[in-house]
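To keep things simple, chains are lettered A, B and C as they appear, and every chain counts its residues starting from 1.
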Amino acid sequence: MLLGRFMTDLQYIQVPLWYLPLLVLIPAAVAAGVVSWLGRRARTRVVPENDPDWSVPPLTQGRGQGTSLIHRWDVRCKILTMLAYSFAVASLRHLDAAALAVLFSLAVLMVARVSFHKVMLRLAALAGFMGMLLVVMPLTVPNHPGDTIVVFGSLDWLGVNVRGGILAATIAAKATAIALLMEPLLSTAPLPMTLYGLSRLGVPDMAGQMVLLSYRYLHVFTHEARRMTAGMQARGFAKKTNMDTLRALANFLGMLFVRSFERTERVFDAMQARGYKGRFPDPGQLQLRLSDIFIAGIWVAAGTGLVFFDWLKG
Amino acid sequence: MGTIIGDMPIFCVRNLCYAYPDGIQALSGVDLDIFSGDRIALVGQNGSGKTTLVKLLSGLLAPGQGDVLYKGKSLDGEHLNNSRLNIGLLFQDPDDQLFGHTVIDDVAFGPRNQGKSGKAAALCAKQALHRVNLEKLAYKEPHNLSYGQKKRAALAGILAMEPEVLILDEPTGNLDPGQEAVFLDLLKAFDGTLICISHDLIFLYELCQKAVVLHHGSIHHNYTMRELVSQRSALRDHGLDFSFRMTIPAIEMPAHEENGKNGCGALSDADAGALNNPSGPLPLVRLENYGYVYPDGTPGLQDLFLHIHEGEKTALVGENGAGKSTLLACLCGLRQGSGDLFFKGTRMTRKRHKDLWRRAGLVFQDCADQLFCASVKEEMIFGLRRLGLSTDECRHRAAAALARVGLAGFEKRVPLHLSGGERKRLALGCVLAMDPDLLILDEPTAGLDPRGEEQLMAILETFDKTLLLVSHDLFFIEKLTHRTLVMHQGRVIRDLPTPVFMQDDKLCRFNGLSFSYRQRTATAIRQLQHEHEHRHPHLHIHDHTHRHGRTVHAHPHEHLHDHPHRFVHTHPGGTKTHDHAHRLVHDHDHPGHEAEPHDHSHE
Amino acid sequence: MHISDGVLPLSVTLGSYAAGALVTAWSARRIHSRDLPKVAVVTSAFFVASLVHIPFGPTSAHLLLPGLAGALLGPAAFVSIGLGLLLQSILFQFGGITALGANAVMMGVPAVICGWFFQQFKGSTRLRQAIAGGLAGALGTALAAIFLAALLVTGGEDFFGVAKIALAVHVPVIVIEGVVSGFTIGFLARVKPALLQSSFQDAAGSVHD
């Protein structure tokens, strides 16, 4: 391993072996428990079925139900600012800057007063990838001069590189900071409005309409898939690791596609029958006010501040 | 958009032919005139070309040959674009039509395409939603609506465009009788031209004046609705004879009051009998204080105490959303609720619950949910293999079940390519092959044409095990079951012998199960179909081989007869003594006619 | 597996956004503009299909389906996959919004390649179509895994370990995906062969305007 080459420049922290379960296994177990609990709770709240993964959280309910600053913010400003800010956060390299970004996002959450439950769902979705990074990176990052390695008792081969841990934690913090912003970005205006904002920003109209259509038919196909699963279960189908299962699932997918293509044709017919000629009508008017630009200014300042702070640290 | 001058038809179809790209000839030589204000029922067997004709009328397909003229001009180019805004087409599945993000967005889609501003379109949409009584749900996303609500929202999307022509494809499919009545009233209130596809002649009889019968892609009859329903033999020829449904005694009698009383008396007896019956044979299914709560907190089933005995034929009725499907899902192990479920006396624990599929077989409402294999044989084997049977046994049972549902020899066919009735029977066959103790049918007649219903009925009548039938179809309930459970809001509120349920008009109307208009209409149709034997001179048109001197030939020709015969005919006055002279050409069997000597002129 | 926010260097996220936009434009031009709503509806079916979990020993894997999407949709697959990923990102937070370009390239380019591969080698018999479908399915996932590893490696030496593990994790998925895709194509070849002609390309069809 690389361990030998940099041996001299590395700083070792020797801890007794029994720290290993304490420092690694217990947090890992707790994290796994929390994540699975969150996931299960989230799913049972949303789906009235036993196969959990087809839940589709509603993005917006009704119209203008919130009155917070973010809700009233012009949707074009919101998208532009938040996207630019997200990229700024994604470019950070230091843990403390990333942590600041998380704090800022939390503050925004407070202001926007969005559903805490949905925010939690998003974090739960992140947990898998982030957990993987947090476990893998400390163990696989090459040791550089100046790195601190934690060694448990006599287990030399299990050197935990603190730098790797910090790197993973920085990524996790950045991802969290951005994920926390998604809920204020998306659920403070009806989805069609947000997409209309995008189209006014130069994204082709059709793109937004396609998102809406996909979103709508997601629910329809989810129900179809559920009923088909029930149909298979009613004849004794249960998933196992074998060829029969794969074949049955392939049939299931095949039927799903056949039905979806047939439905696609019918939906298209229905659209044409009501006068669709390749364009969708616009959803409404947008008006830019001074306050919109002011809020955007605050965000830009925050983003620039973060990047500058990050740059100061080298 | 010109105005209609004089008697010019709004639709003029001439020698219309259409073949699908895969070569199937859907329509051939169709001629049809539709006048403004007509209300036309488009009937025919599944696959007779009704939907194709409707698509051609609304310009979704282009004629392969011949013409479709709307207001005198053929449907293409700019005229088509304009016409689409005047021809409303309501699809069978409301999910095909509701593609908007919210209900109001969707309803406003048409008016926006008509060139209205955002505000004007929203106003139109709101008015249309008010007409269908959905204004409260305007900002909901369509997937949050119930099926009946979706159906009405889809109609609102059409009405908002104020169409001159309204074309409906199976408007009542999957609706419960209460919602069906609501829908019927909405459609009756529409004052433009109306074209309606349906298999439900009772519904059509209420809604339409004219009837067009399609048979294998061509028009066979084009006359009034009254004439159509009164001619049994014509109905029969086109697989539309629903009069086998009319033999229900319950529908005949108008003496409701007395029966109502009887019903109430019998009701309490039956309740007592079914609920407190600890002695006697062990019930096949026993539910004790059974409940089911959806994970989101809505109660699906509550306080269920229910016994179903071996061999019992039970019907389960209730409005959409009453909890019928949830109960079925619990009974065949797809869901597990609280409380106790006993099967043949064994309590179904969580583990045993997973094996309920071996004992209870469910035939789904929509076959597409149940059929997912590439061939009929695989489809049959799928469940049997999971029972752990040997290959030989599988093959044997599959063949037996296929024969039982009248699909012998279909092994190599693709289930997706079968007709609606065949698919239904295949789904039933798959379940029967697994030899369940309890057979559950969820709305077996949905989407079937009358011939398909008759074939299904024939199979089910020979079924001798325990049957649980969920249906809105009074005829199937009457014919197949002895006991009826009425569900409402997750509870079984009545448990009666089926004849009592049938006679209890009040109960039928209870909780949105208004069957009353159907009964009224059925009685009216029965009067139209009045049949008795009588004798008077009448004409026959025959086609049979006969001899004229040396030539033997066959051709249709007329004879005048005078002999006693039976036939179905109307009694306009309803009196016993009536005159049959106004219908000289009669349509009845004429056995032994070929042997009779006869003579006629040949030009 | 989707890449989250903050993993890739800024230059790579922006670069892959640009690349994604270019390929999307190419892909959209291969579709008749009136057919775009159809692509949207079909996308939701693929989305639902990709949520199906397949048991694998004690754990389960969900399908990625780039190969199947490519085989059924042809060049339209890129638009479809981009749309699907956007929805996954905004609905479920699977894959970050800043990494959307990278994710789209990672899944979409293999899909288009597989689509080409499938159309080239599908032949005319059902068996051959199923085999070509299976190969396309396996190839799609393998390519996606390689793209993923390559993208991760742009983060520098520190990400080599993560990239290796990501590759290793995908090996069983490649096998499962190949088998399922093969069976699915075989099923479609029997039941609805018209779907194997990569839809939406020759748009005219039977609908007139």
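Couple of notes before you dig in:
Here is the rule we use: contacts are C-beta pairs under 8 Å (C-beta built on N, C-alpha and C of every residue); 3 or more make two chains touch, one makes a residue touch a chain.
As the structure is a computational prediction, the values presented were derived from the model and not from experiment.
Here B-C and A-C are compared, and the pair linked by more C-beta contacts is A-C.
The greatest centre-to-centre gap from chain B, using C-alpha centroids, is found for A. Between chain A and chain B the centroid-to-centroid distance comes to 46 Å (mean Cα coordinates, whole Å). Separation between the centroids of chain B and chain C, computed from CA atoms only, is 41 Å. Per-chain Cα centroids separate chain A from chain C by 19 Å. Multi-chain contact residues of chain A (touching two or more other chains) are listed as 213, 215-217, 220, 224, 251-252, 254-255, 258-259, 263, 267, 269, 271-272, 276. For chain B, the set of residues touching two or more other chains reads 60, 99, 374, 416.
Shown for chain C are the residues that touch two or more other chains, namely 37, 186-187, 191-192, 207.
Across the complex, chain C meets chain A through its residues 1-10, 13-14, 33-34, 36-45, 47-49, 51-57, 60, 62-63, 68, 72, 79, 83-84, 86-87, 90-94, 96-98, 157-158, 160-162, 164-165, 176, 179-184, 186-188, 191-192, 195, 199, 207. Remark: chain A residues 53-54, 56-57, 59, 83, 86-87, 89-92, 98, 121-123, 125-126, 129-130, 132-133, 136-137, 139-142, 164, 167, 170-175, 178-179, 182, 186, 206, 209-211, 213-218, 220-222, 224-225, 239-241, 243, 245-247, 249-261, 263-265, 267-269, 271-272, 276, 278 touch chain C in the complex. On the side of chain A, the complex with chain B involves touching residues 43-50, 58, 62-63, 190-192, 212-213, 215-217, 219-220, 223-224, 227-228, 230-238, 244, 248, 251-252, 254-255, 258-259, 263, 266-267, 269-277, 280-285.
Contact residues of chain B toward chain A in the complex are 55, 58, 60, 81, 84-85, 87-89, 91, 93, 95-102, 105, 108-110, 112-114, 118, 121, 139-143, 157-158, 161, 294-296, 298, 329, 332-335, 354, 357-358, 361-362, 364, 366, 368-374, 382-383, 385-387, 416, 430-431, 434.
Interface residues of chain C facing chain B in the complex, by the touch rule stated above, are 37, 186-187, 190-192, 206-209.
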